[in-house]
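In the part that follows, the structures are each spelled out as structure tokens.
Paired with chain B in one complex and with chain C in the other, chain A is shared by the two complexes that follow.
Right after this comes the complex of A and B.
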């Protein structure tokens, strides 16, 4: 992961400005106008929040089965990034909704389920911070439940009657909209990998510090 | 009920009825208006919302990177301190 860090940062520096240029050049959407451009910074973090929750659940499951520390380090890093990306999605979403729907927030199935999943991962982090010894196993169980919520968040717009656009919108986007979206998504994904690598490094260093404390005692 | 309190209640009721009459007397809006005809004070500026959204993303990301940097720096300093303590202990 450490060897990947520099190439990722370089790619990120290339892709992020490119996404901003593409977003600025993309056409205005006919009904929502300028505010629709929030979409390019709303959908990628929201999608990555779901992927991150699934990743966190999978590595937590592996930690419970195999008990190797690397799975736990990856799980903590992914949980923190799920919360970060979820926060971004849930702040940019209402800023868009205020103009498009006329309200900041509504108890729509997609919004409510996203908030619920986000709170599960916030509770994961609180459990890790204040749960004391052994909390990593409890938190891993919680992450598996959080992961189970992710597919429901994704399909909620197709199953229930909702104000939120359906998942079928993305594959039908015009070329300039889709290019801006997927370049932006690439930037957020690379940023996710870089932050995950940095966060895993922090957990490794903390584990090394714990070992040193044990040696001294 | 005391006569004075009754008088206050009566005045309150008359006031409320008067306000209702004033409100109901206003001509209501009969149909939806196109956005172009809505007064400027009632329209939400899209640019501000867009700038707020993009700014929030950058600030959140930078703040997170900063916290990782600080936490990593703190742990590495502690590791250095403990390593030097251990090195001193060893003969």
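Right after this comes the complex of A and C.
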């Protein structure tokens, strides 16, 4: 992963200005106007947040079975990024919702589900921070439960409340919208991988430092 | 090697014997559930009438809050006497210990519900007992769903720092589907025209939740409880 880090950062530096140009050039959406441009910063992190949550659950499960530290490092990095991307989605979401639906927040299934999944990973980080020694294993258990919970949250919230456009609109978008969206998505994805790699490296070094410290004692 | 269910029964009997001597958990949990119902009554009753739809929510919040308290206390007792380690050292398969602990919590919560459900029906004059079987299915499956995740989390947190505050923090987001299913299912039964199909849908969802999370708990209890 370390070898890939530099190329990813270079690609990011190229894709970021490109996405801004593409977003600026894309047509104004007929009813939403300028506000629609939030979309390019809302949908990619929102989607990556859910993927990241699932990724965190999978590597946590592997950590519980295999007990190799690399899985734990990946899990903590993914959990932090889930919370970060969720935060981006939940700041950009209400800004758009205010214009589109006239309210900042609504108990729509997608919103509720994202909020709940986000809360599970906030509690994951709280557990790791305040749980004391051994909490990484407990946190791994929590992440596995959080992942298994996703379909139940999805079904229950869907039956409980049904306003959010489905993601099936994405293939039908006009070309310039779609290009800007996917370039933006690529940008967020690369940023995710770069941050993940950096965070895993940090965690590895912290573990190495702990080990050296124990040897001296 | 003694059998799985024999271990479950022995641990459960031990827990019940300890509890029956002091009745500490039973009394505190029941009174706590009662206090919850009263606090919500103060918030939701206006001019002598409760808001429509409030009863189902109040009932389930009381169960969840009282359940959290019971879960935390029951493992605190094991930790305080350092018996949790003894239990883990015993030549018993770990999943049996989990099942016994879960059964103990369920007995306690069932006793609490025996008090809370009639109380809510009475105080909010709701027809909770018109469809006893469906209500019982909702309560049973919902309580099992809440307690199966709760028992695992309380057990694994028993050795962690700040466990008192961490338990509800971890437990509530994960058990939200149980709360939604319980509250919506119960209020479907309480409607002027009971929506049986809806209640049955939530019962099935709870059943799936229980199966998935009991399986996951049995699988993760061993790695999570090993130092």
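Just so it is clear, the second predicted complex is superposed on the first by the 203 of 217 C-alpha atoms of A that agree within 3 Å, B and C clash if a C-alpha of one lies under 4 Å from a C-alpha of the other, contacts with A are read in each partner's own complex, and residues count from 1 in each chain.
Just so we're on the same page, contacts are C-beta pairs under 8 Å (C-beta built on N, C-alpha and C of every residue); 3 or more make two chains touch, one makes a residue touch a chain.
In this text the structure is predicted, and so the values were computed from the model without any measurement.
Engineer: Once the shared chain is lined up, is A:34 touching chain B (first), chain C (second), both, or neither of them?
Structural biologist: First partner only, chain B.
Engineer: Is A:99 in contact with chain B, with chain C, with both, or with neither (first, second, both, neither)?
Structural biologist: A:99: touches chain B, not chain C.
Engineer: Using the superposition on chain A described above, determine whether A:58 touches chain B (first), chain C (second), both, or neither.
Structural biologist: Touch status of A:58: no partner.
Engineer: Would you sort A:70 into first (chain B), second (chain C), both or neither based on which partner it touches?
Structural biologist: In the superposition, A:70 contacts neither chain B nor chain C.
Engineer: By the touch definition at the top of the document, which applies to A:18: first (chain B), second (chain C), both, or neither?
Structural biologist: Touch status of A:18: no partner.
Engineer: Looking at A:9, would you say it contacts chain B, chain C, both, or neither? Reply first, second, both or neither.
Structural biologist: In the superposition, A:9 contacts neither chain B nor chain C.
Engineer: Under the stated touch criterion, which partner chain does A:144 make contact with: chain B (first), chain C (second), both, or neither?
Structural biologist: A:144: touches chain C, not chain B.
Engineer: In the superposed arrangement, which partner chain does A:116 touch: chain B (first), chain C (second), both, or neither?
Structural biologist: A:116: touches chain C, not chain B.
Engineer: Using the touch definition up top, name the residues of chain B that touch chain A in the complex.
Structural biologist: Checking each residue of chain B against chain A gives 44, 46-47, 49-50, 52-54, 56-57, 60-61, 64-65, 68, 71-72, 75-76, 78-79, 82-83, 85-86, 89.
Engineer: Could you please specify the touching residues of chain C with respect to chain A in the complex?
Structural biologist: The touching residues are 149, 152-153, 156-157, 159-162, 166, 169-170, 173-174, 176-177, 180-181, 184, 201, 205, 208-209, 212-213, 216, 220, 223-224, 227.
Engineer: Which residues of chain A touch chain B in their complex?
Structural biologist: 33-35, 37-38, 41-42, 45, 84, 87-88, 91-92, 95-96, 98-99, 191, 195, 198-199, 201-202, 205-206, 208-209, 212-213, 215-216
Engineer: Chain C touches which residues of chain A in the complex?
Structural biologist: Against chain C, chain A makes touches at 64-65, 67, 116, 119-120, 123, 126-127, 130-132, 134-135, 137-138, 141-142, 144-146, 148-149, 152-153, 155-157, 159-160.
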